[in-house]
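Letters A, B, C and D mark the chains as written, and numbering starts fresh at 1 in each.
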Amino acid sequence: MVRAIDGGVMGEAALTAEELQRRLSAEFSEAFHGESGLLIEKVWHGGCRVRLGFNAKTLRPGGTISGPTMMMLADVTMYVAILASIGWEPLAVTTNLNMNFLRKPAPGKALVAECKLIKLGKRLAVGDVAIRSEDEEEMVAHATSTYSIPPANRQVDTGIITPKL
Amino acid sequence: MVRAIDGGVMGEAALTAEELQRRLSAEFSEAFHGESGLLIEKVWHGGCRVRLGFNAKTLRPGGTISGPTMMMLADVTMYVAILASIGWEPLAVTTNLNMNFLRKPAPGKALVAECKLIKLGKRLAVGDVAIRSEDEEEMVAHATSTYSIPPANRQVDTGIITPKL
Amino acid sequence: MVRAIDGGVMGEAALTAEELQRRLSAEFSEAFHGESGLLIEKVWHGGCRVRLGFNAKTLRPGGTISGPTMMMLADVTMYVAILASIGWEPLAVTTNLNMNFLRKPAPGKALVAECKLIKLGKRLAVGDVAIRSEDEEEMVAHATSTYSIPPANRQVDTGIITPKL
Amino acid sequence: MVRAIDGGVMGEAALTAEELQRRLSAEFSEAFHGESGLLIEKVWHGGCRVRLGFNAKTLRPGGTISGPTMMMLADVTMYVAILASIGWEPLAVTTNLNMNFLRKPAPGKALVAECKLIKLGKRLAVGDVAIRSEDEEEMVAHATSTYSIPPANRQVDTGIITPKL
């Protein structure tokens, strides 16, 4: 058990960041490959942090990173948080994702997404994802998402504790 | 300036909790009235905490508090956070509210909602609202909401700092 | 089987509008009562239309109808569409509601909400709700919502057909 | 003016499907290229239809098309509907996208997305996007999205008429 930055307790993950990086790179080789790819920086029971390297191809008119790039990052980060919490369950699928785009990302920087699960039930997991430009304080985008967990791997409610704001 | 629970900095509010309670009670007398009404517990620049007393009338089949009651609480809490941050601007209006219902609230308890603005721009404010049963740790519901701020009172981006998760 | 306005086929409802009005009035007497209350105008397999009479108490500064009033109407309309489609299952509960507020309603008019289910599965139902001022063409608000259906009453996917736009 | 499938009136678009395809292919060459790319099939004032060819690379475990692929399609379709309605305004940006994933797409088929704007204001446009497997009736996913329109090109509310359900 280690203390989270915000005072909550971070339990141990079911799979390490390295193991998840290895398995997801095998499934989604392009997305998890290289300097401009996805890197799982940290995982814990109930959350994770994922980095997406800067890639000029994801820019759109006005110099901002495209919405779909950030939605992909939010969705993957949520998926990683669930796998880190319940173990390898690749058939978990998104049922809802709601995203707010808040500010233009800092030019030329990687994006860093942090996910915190706010419910981890038998059938559904709900999480909150904050995306920032690397080393910046303000969020560039924020997502809330629900995943459906397939029956085989359903757990009892594991009591994710969501520290007060 | 005071330290927030999660390590962020809470700036001073434009209006106190008492002043907001007084003015909103005048506009919405029923909702802000009495033991089972809304009570603004605390405000700061960029957020607030609002309590809704328990009211058996808001129960629905199964013993849970009705969805609309929690949506009303989320919407009011977002409104209070904006007024506390930019001053009295009653014409600020909701443009979007997305709400996830996570667990059944604890029986017979008040609900407490905490709002944290994640963007406070000239035209739009976006916030995050966590609702819990009083003195409980787990969220019963979570909302994300956008308000439109009318032109007369538009501010420059006031740089809400959103502490890392 | 009757033809829907938009060319889709409306199957027969499991419960009539009158029966649902009677049962929901018993559960939620205030909300379904009188000229300014909720009236279930029409139901079919996969959808319904619900009217909310005008009530000056629901106005907020600027003369618009309050957001929570419209969220309540969207949530009830979704609930009625589900009950009309699967039969009396009062324990169906909202898991997500996303609402966009589009325009100020016409002054002094009732609101009319139409719900169309876009998924009616064993565990989850998803629907789309359009709210208009009575006899007006433009939407004042639009919601998408997910309900969880309790196990006892779960159906196989009943194949709601969603007519092309 | 031509009659829409659902009885609404479709006004003339500000730009043709061919012109939009040509311009967007220049901006986003990979996405709009080839058999497995995006093809703008049809546009009108207030909406459009966009096809995404099948691409085995977008499959994920379980044989479904990945969530981010469908979110990209929804976002582009909304963008095309706005450009078709107000003219070439590449700096229009997404502020919110809410997506529900409903069913597994039909194997090996293209996806077809139809967008209908439900508000086209001076500053904000809101639309509804339905995604289906080509030639199938049931939706596989549904999105609601808001775009911010930059000041230079702001129009008065152009009175999109949203036909009753």
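The rule is short, and it goes like this: a residue touches a chain if its C-beta (ideal position, glycine included) is under 8 Å from a C-beta of that chain, and two chains touch if they have at least 3 such contacts.
Here the structure is a predicted model, which means the values were calculated and not measured.
Visitor: On the document's contact criterion, could you list the chains that touch subunit B and likewise touch subunit D?
Guide: Touching subunit B and subunit D alike, sorted by label: A, C.
Visitor: Hey, which pair has more contacts between C-betas, A-D or A-C?
Guide: Of A-D and A-C, more C-beta pairs in contact link A-D.
Visitor: If you average the Cα atoms of subunit A and of subunit D to get two centres, how far apart are those centres in Å?
Guide: 26
Visitor: So how far apart, in whole Å, are subunit A and subunit C when each is placed at the average of its C-alpha atoms?
Guide: Chain centres of subunit A and subunit C, defined by C-alpha means, are spaced 34 Å apart.
Visitor: Would you please write down the residue numbers of subunit D that are in contact with two or more other chains?
Guide: Counting only residues that touch two or more other chains, subunit D contributes 95-96, 98, 100, 146.
Visitor: Contact residues on subunit C for subunit B in the complex?
Guide: 27-28, 30, 57, 60-62, 64, 67-68, 71-72, 75-76, 90-91, 93-101
Visitor: Okay, in this complex, where on subunit C does subunit D touch?
Guide: 4-7, 47, 98, 100, 102-103, 114, 116, 118-119, 126, 128, 130, 132, 137-139, 142, 144, 146, 159-165
Visitor: Could you list, by residue number, the parts of subunit C that touch subunit A in their complex?
Guide: Residues 95-96, 98, 123-124, 146 of subunit C touch subunit A in their complex.
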